[in-house]
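You will see two complexes here that share subunit A, one where it goes with subunit B and one where it goes with subunit C.
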Partner chain A sequence: MSYSDSLSKALDAAGACEGARIEAESGGRTYRGVLMPHHEFSSPDVLIIKIGSGYNVGVRMWPESKITVLDRPHEAHKKEDAVPVADGLPSISLIGTGGTIASYVDYRTGAVHPALSASDMVNAVPEIRDVANVSAKVLFSIFSENMNVEHWQKLAEAVAEEMNNGADAVIVPHGTDTMGYTAAALSFMLEGLTGPVVLVGAQRSSDRPSSDASSNLLAAARFCTAGHRAGVFVVMHDSLGDDSFAVHAGTRVRKMHTSRRDAFHSVNAPPVAHIDSSGTIEPHVPEKPAHGKVIVKNAMERNTVLLQYYPGMSPGLFDDIITRSKGIVISGSGLGHVNENMVPLIRKACDNGSVVVITSQCLSGSTNLNVYNTGRDMLSAGAISVGDMLPETAYVKLMWALANTRDVEEAKNLMKRPIRSDTGDRRTVDV
Partner chain B sequence: MSYSDSLSKALDAAGACEGARIEAESGGRTYRGVLMPHHEFSSPDVLIIKIGSGYNVGVRMWPESKITVLDRPHEAHKKEDAVPVADGLPSISLIGTGGTIASYVDYRTGAVHPALSASDMVNAVPEIRDVANVSAKVLFSIFSENMNVEHWQKLAEAVAEEMNNGADAVIVPHGTDTMGYTAAALSFMLEGLTGPVVLVGAQRSSDRPSSDASSNLLAAARFCTAGHRAGVFVVMHDSLGDDSFAVHAGTRVRKMHTSRRDAFHSVNAPPVAHIDSSGTIEPHVPEKPAHGKVIVKNAMERNTVLLQYYPGMSPGLFDDIITRSKGIVISGSGLGHVNENMVPLIRKACDNGSVVVITSQCLSGSTNLNVYNTGRDMLSAGAISVGDMLPETAYVKLMWALANTRDVEEAKNLMKRPIRSDTGDRRTVDV
Partner chain C sequence: MSEEMKCGIEIHQQLETGKLFCSCDSALCETGKGAYFRKLRPTTGETGEIDRAALVQFKRGMGFRYQRCDEASCLVELDEEPPHPVNESALETALTYACMLDADVIDEIQFMRKIVVDGSNTSGFQRTSLISTGGSVEVNGRKIGILSICLEEDAARKIETKGDEVTYRLDRLGIPLVEVATAPDMTTPEEVMEVALRLGTLLRATKKVKRGIGTIREDVNISIPGGARIEIKGVQELRMLPDFVRNEIGRQKMLLRIKDVLADRGTQEALFEPVDVTAVLKDCPSKVIKGALDDKGKVIAVRLRGFAGVMNGDDGTLRLGSEMAQYARTKGVKGIFHSDELPNYGIEQQHVDALREALRLPPDEAFVICAAAEKRANEALRTAVERANEALKGVPEETRDPQPDGTTRYSRPLPGAARMYPETDVPPEEITQERLERIRSNLPEFPEQTEARLTEKYGINRQQASQLVRQSHDELFSEISDAYGMAAVAATMLTNTYTELERDGSSPESVSDASVMELFSLLKQARFSKEAVPALLREMASGTGVEAAIKKLGLESVDSGEAAGIISKIVKEREEFVRSKGMDAAGPLMGPVMGALRGKLDGKQASDLLEAAIKKLISKE
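After this line comes the complex of A and B, so read on.
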């Protein structure tokens, strides 16, 4: 948590404290910006400076480096958990879950750890206070690859509690790896939302020059306070610069690149809105009315699997999994096909009272099991297809449908019925 | 196979036979083009006419419809298995496997069946004879969702035989569903190719107005005869019109839409070339030298699986599959992650002498297990990652690597080494 002795002395001598605008000269370069909090994973000789572009840069300081204070910190820039309330601004509850957006690089190993508190995140983006009163809490501090079904359930409860306690909007900083799955889970679990629930992440950690953490968070806050729009959304960069952000429906969004800042895409639907760097919002789909009280329906049938079909897939090897599961989502090839040798296994599962849902590994476009004989055989074996729904969304929806309906037929009908914008395709209903 | 009595009589009265240029008036519209072969799945009252754009249209004829012959058929347009040889043109062997490109709609049920012979396909695209001497044979007649590892093995042998018997190029009409997997399989199985092996498909069947069968086939033939380029490629539409076709490397290509004509994309690499409607080829990557003789290495370790990681995936449920498999490809989240509760299972598989290969379900971008703790744990459990290689390509390559190396370490090294352009990422090699 602390600087090296020499850097501590240099900071003290310059009168530099967190939130101050400083100028640091090191290695022949000059950096100007706000001095950010130091943390346990920073090297003791590195200053984190938020420069004019909004990026945080890590500046390694040497004995000969210089620090000059340009401005004293504003009160609001100081690190604190109690955030002052401004009258007339909407209220946003921020529920931290971890992920790169809340993480720092460990300079000893080069690896990234979840570390930053929710209020640290808000304090790192002072502009957010111009648009909303933000209260922040940490629910989890995990990377999203470790997010599990019970995390979704707890998160849904926490979001509903904030909304029902008067929050106008909820922002959920979240790791990007499985953000799409969590967004789909919250979409189905939360009924009667009174405002936006926005998941937001970062592809680069907060103390890297190229971090998208602050700009994504600010864009999310601006979207939250722009109008009365209810639903679950993901806000992330829509370009490699900081000039455009996209708002995606929680059931339609997918991480399509391992590292780019514009990795998130709406699939089979346009983004809900775009936001530019000035905060101007261009909506693409109509706003939804808000309701009175948020109800949580977070029961999930854990006995559900997601399988990608591939040539050479052995029905024998997957017999046990398919027989033991109540819900099976298959991302088939093309319009939703599997090898004909898999069809008896689908029939067996359906005869057992399980639900087999067909999606496409193509991701874009709609499934249709009525075109080819293979598809017709799958339908007659009892499988259903769900139009242009993403495989991941179908997996989450199936867990939810199986746990929130009385019987398998009702669950199948719920799968085929478009809700929460999860499919826009009328062909969802197989004939 | 036959027309209705009334339509037969009308065709006879007009003197119309296959290959003739005719004009058909039906339902108030007039269609001009070449009369195509009738087949068992066509309605007895439907004429198939290849119109000027290259599309085949199905025209329903009524008793009051009119048929006029505009031109007698050229000899070459007649349906035949022996295709005349023109001196000086390169030779292309066409090996039919089935799929939409070789299929007809059954007008009774509306479903599509594989039916068209390889020579039917060539005869449907007379322009192909201007660029090459084409010999055609049918190896399979199946939809590609039913294509299996043994089909890949037989196909590799058939392609090598044609090449070693003097073919300058081989075209493989193939169903689109699993065309990417087959292209990857042929890429690895065929060593020392002396020319191009081009897989080509259609998203719309040959007797539909919007069929892309003929135009894709012609583009493939033009690419085959344009130069001395060795390798396995996929040629498909690159736009919704007939104005642009893309040539994809066999290890980089993926079907990314269930139905659009431009469904195929090169992922993490540019297409090898583009071809416009006039046949002009714009290459994007350097040509490869040709060798003397094609060698087939088509041994495959069938005991290999491809699994998509998802939140809620139960290690217990997948224990049996992972324990029983020699090769396991996981498409992880983000940079290639799985839940930490899956790591012991990865360790168990690696300790058993299996190979666990990590790819990303993001598809675009490169895996990197060195950034986050989760990834480092996976590496220390024995997993390897393979840069920006597609999950499907990694699955096919792993089957092949395990069957064509002496031990697991050699197989792992082969997985990490870029061959057949399967990855362009130097980070392939984990440290």
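After this line comes the complex of A and C, so read on.
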């Protein structure tokens, strides 16, 4: 909620802006302090003032209340330290995209800033300079819920450019909400990676002393400099403590908790590596880096949808959506099922030349449409199932497959085959 | 003393409303589970600079472990889930208290994050809000100003410190605290206690506060003219407040005397010039020095020209040395030795002479030594010398820790302005005029009103009523009296008996209200006599149940037949005496009778039975 008209006018008339020292006289009391930004949930007639003790107080203003400006806002000058380059250390490029890892509060006004400059991010973790020479740039400054397919495409180009310009590794600080999708998208879009591309996020913003941003970033840097690995990964906390981190394959990772530090899990596959607080890395799947240039294949078929089946799903309601889409991923129940009344719609889409891909909303375990009648009917209708691939990964992969193959059959074959460790045949008891 | 000191207090009272930002029990747990490891990183401030001291601590690898508790902690305490909306009952209590002190309540309450990086908050900050400014409290006809009332969350409990790791338990984290700060209006040590007592009693009048040790903590700010503001943090025992104040005034006066002595001498700031004197003391029998040298440590010395006689002098009334040692200890050494206290502690005159020679000091000049790992000894001595130099200026501003003997010890410099920024996860809470009106017209009973009600309704005297209220026993008292009558017995027990037991080191407050009610229910059934109450209560305070206590102490009432038998036996044994005295024997015989029947029989009943027995014996003549 913003200020009421009358309060806006009163502030303008007094020449009071955020950060100014003001005196507010209201209801027989006087408060002096710095005018703070208006909170979204504050009442429209309330001014927020940071008083001498450091506390913010909300002061209700009446028509007869008075505002006097005592002092203009002071500009805070930020020092930008040049980052020294050390010989013999690997070089890491940092590409900022925004998100919690890159959000902070201006202590003076209390305003939440969506982006920290990339160099701020490096400076906030000075230890990172002991393991690598880090250069940084900001590509986007958005929360990950606002991340779109175009952003994936631009990011893929930026990553390839850094690698092709000699970076040994690229770290992408990213909002956590859709980090799994972006990791999958980069996994498919980048070919011939010469080093690791690591997405890293934070569940607690960097302005808090308890933020996980810096420890995740440092763990990512340590993984990057351990050498001889290539691929797209996500590095986050592996437990509630700041002493254990996991490296996940970009196509296998999913945010499984709304708020915990260890929200990210590898599903249907073990994490690629564990990193402990001393920096010791235990890799499970060493992937060999390629040589030569990184190639970007970032075309995506945008007419692709991801649907979750639910009891009561109405074929009528979805008819139009499914008919108009080139690619349809359905997150089915159990082994991958939908209500039998949806099967004619699947047949219609397939006959239409669309690709219908079945995954499971159980997430853990593989789909299998051969076990029950409904499943067999779905296969007969033309749907394909993609083993233990995550629904989100299947959605991203289908967009990519449809845009990077010549025909539907080729796209279907690509979907069923693991190309970036995105699906697998073996699931052991431990994962 | 009255024109000399200025004193203000801050009281932190835990509320019994459940936690401030989650739905956990606000109870302490005997044990904790797990030990989640965390680090707290100093964050960049508004100028892009990191607090250097905090960074040093972080780089040193200081880490924290957190133990969770099943019922008393959840993901919120672990900083794994955002805070829930503020506990309405806690907020209502803080608002009520503000109205009771006639304070100006803030129109829209804003929660803040106050940066705290010692690990006591998993988030690295304490959530706190200013509820009101202004207001006052009247004590003995004097009006003491109130500066602020805040509602904030309590910190985690420190369990142990091992090397660079501190372990905390999360049960206490998030318990709501009402913090009330007074203006520096108090002028005597006794007044400080009276004001604290009054503010505490008013808090308890809300009926929403926790009771018992550790649930209320006082910080005291004291200064005298020419002295400096000293904060004594975390006093738990109210009755010790005057001692702390008195001792602090004495300490500041002592430091001012030292300042004058040094000024008369023309003493200049001592330079920190450490000299390795390990070789001089390598054969010294001092245990401290031997121990340090065995650990590959060194003995370092620093000259303190012009400081002789003030570190420990004038018959021990000047004690700068102990202030210096307190500073040195914050750097992790066991202590320091200064020349005013030597020879002693195994350091003999020959060593002192050798030290002066090594330091090229004349016989009357001062020095200080420290035995520890070289780096640590140097750090400790640097701090000690800095503290000595402060004495030239007078009293340095400090935060001090209260000690059980009423003195205090240096803990750290006074903190600067707190770094606070908005807690964006908790929405602001508008306090409407209607809500305030409703609170104001439903204020809880004030202590005076409660006292008047107790005297009137239960017929106890005003002094007892006042004590019941001050010690928060008024509710239990009313409950007992309403259920079982016996108001006089209940009042005596809750005032005199409780005080006596506490004086003897017993803790009657640990007996639950339910157990006390049971005690009275059995008393009502005449299972024991009212004389047995103190003994039973003492037994119950050590953890015994009511029934078990009665059995253990053998206080089961005797019926009057059995009692008559015991009494007539006592009379018979003293037949000759009784016959000679006649009915006058009753008085002297009450002693042995009560000795045999105390607690088992009402005194009046015993006396009646005794008289009957005497009469019977005499009439047989």
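In the analysis below, the second predicted complex is superposed on the first by the 334 of 431 C-alpha atoms of A that agree within 3 Å, B and C clash if a C-alpha of one lies under 4 Å from a C-alpha of the other, contacts with A are read in each partner's own complex, and residues count from 1 in each chain.
In the analysis below, contacts are C-beta pairs under 8 Å (C-beta built on N, C-alpha and C of every residue); 3 or more make two chains touch, one makes a residue touch a chain.
Given the structure is predicted, the values throughout are model-derived calculations rather than measurements.
In the superposition on chain A, contact is made by A:Arg260 with both subunit B and subunit C.
Using the contact criterion defined above for the overlaid structures, shared-chain residue A:Ser210 touches subunit C, although it does not reach subunit B. Counting the residues of subunit A touched by each of subunit B and subunit C gives the higher count for B. Look at A:Ala13: by the touch rule set out above, it reaches neither subunit B nor subunit C.
When the two structures are aligned on the shared chain, A:Glu340 is found in touch with subunit B, with no touch to subunit C. Applying the stated touch rule to the two superposed structures, the overlap between the subunit B and subunit C interfaces on subunit A comprises residues 110, 112, 258-260.
Contact residues of subunit A toward subunit C in the complex are 26-27, 29, 36, 39, 41-43, 46, 48, 51, 53-60, 76-80, 104-108, 110, 112, 120, 123-124, 203-204, 206-211, 214-215, 239-243, 258-261, 277. Taken together, the subunit B residues at the contact with subunit A in this complex read 110-113, 143-149, 152, 175-178, 181-182, 255-260, 263, 302, 304-314, 317-318, 320-321, 324-325, 331-341, 360, 362-368, 370-374, 376, 391-392, 395, 399. Partner subunit A is touched in their complex by these residues of subunit C: 36-49, 63, 75, 78-82, 104, 106-110, 112-115, 117, 122-125, 128-130, 148, 150, 417-422, 424, 427-428, 430.
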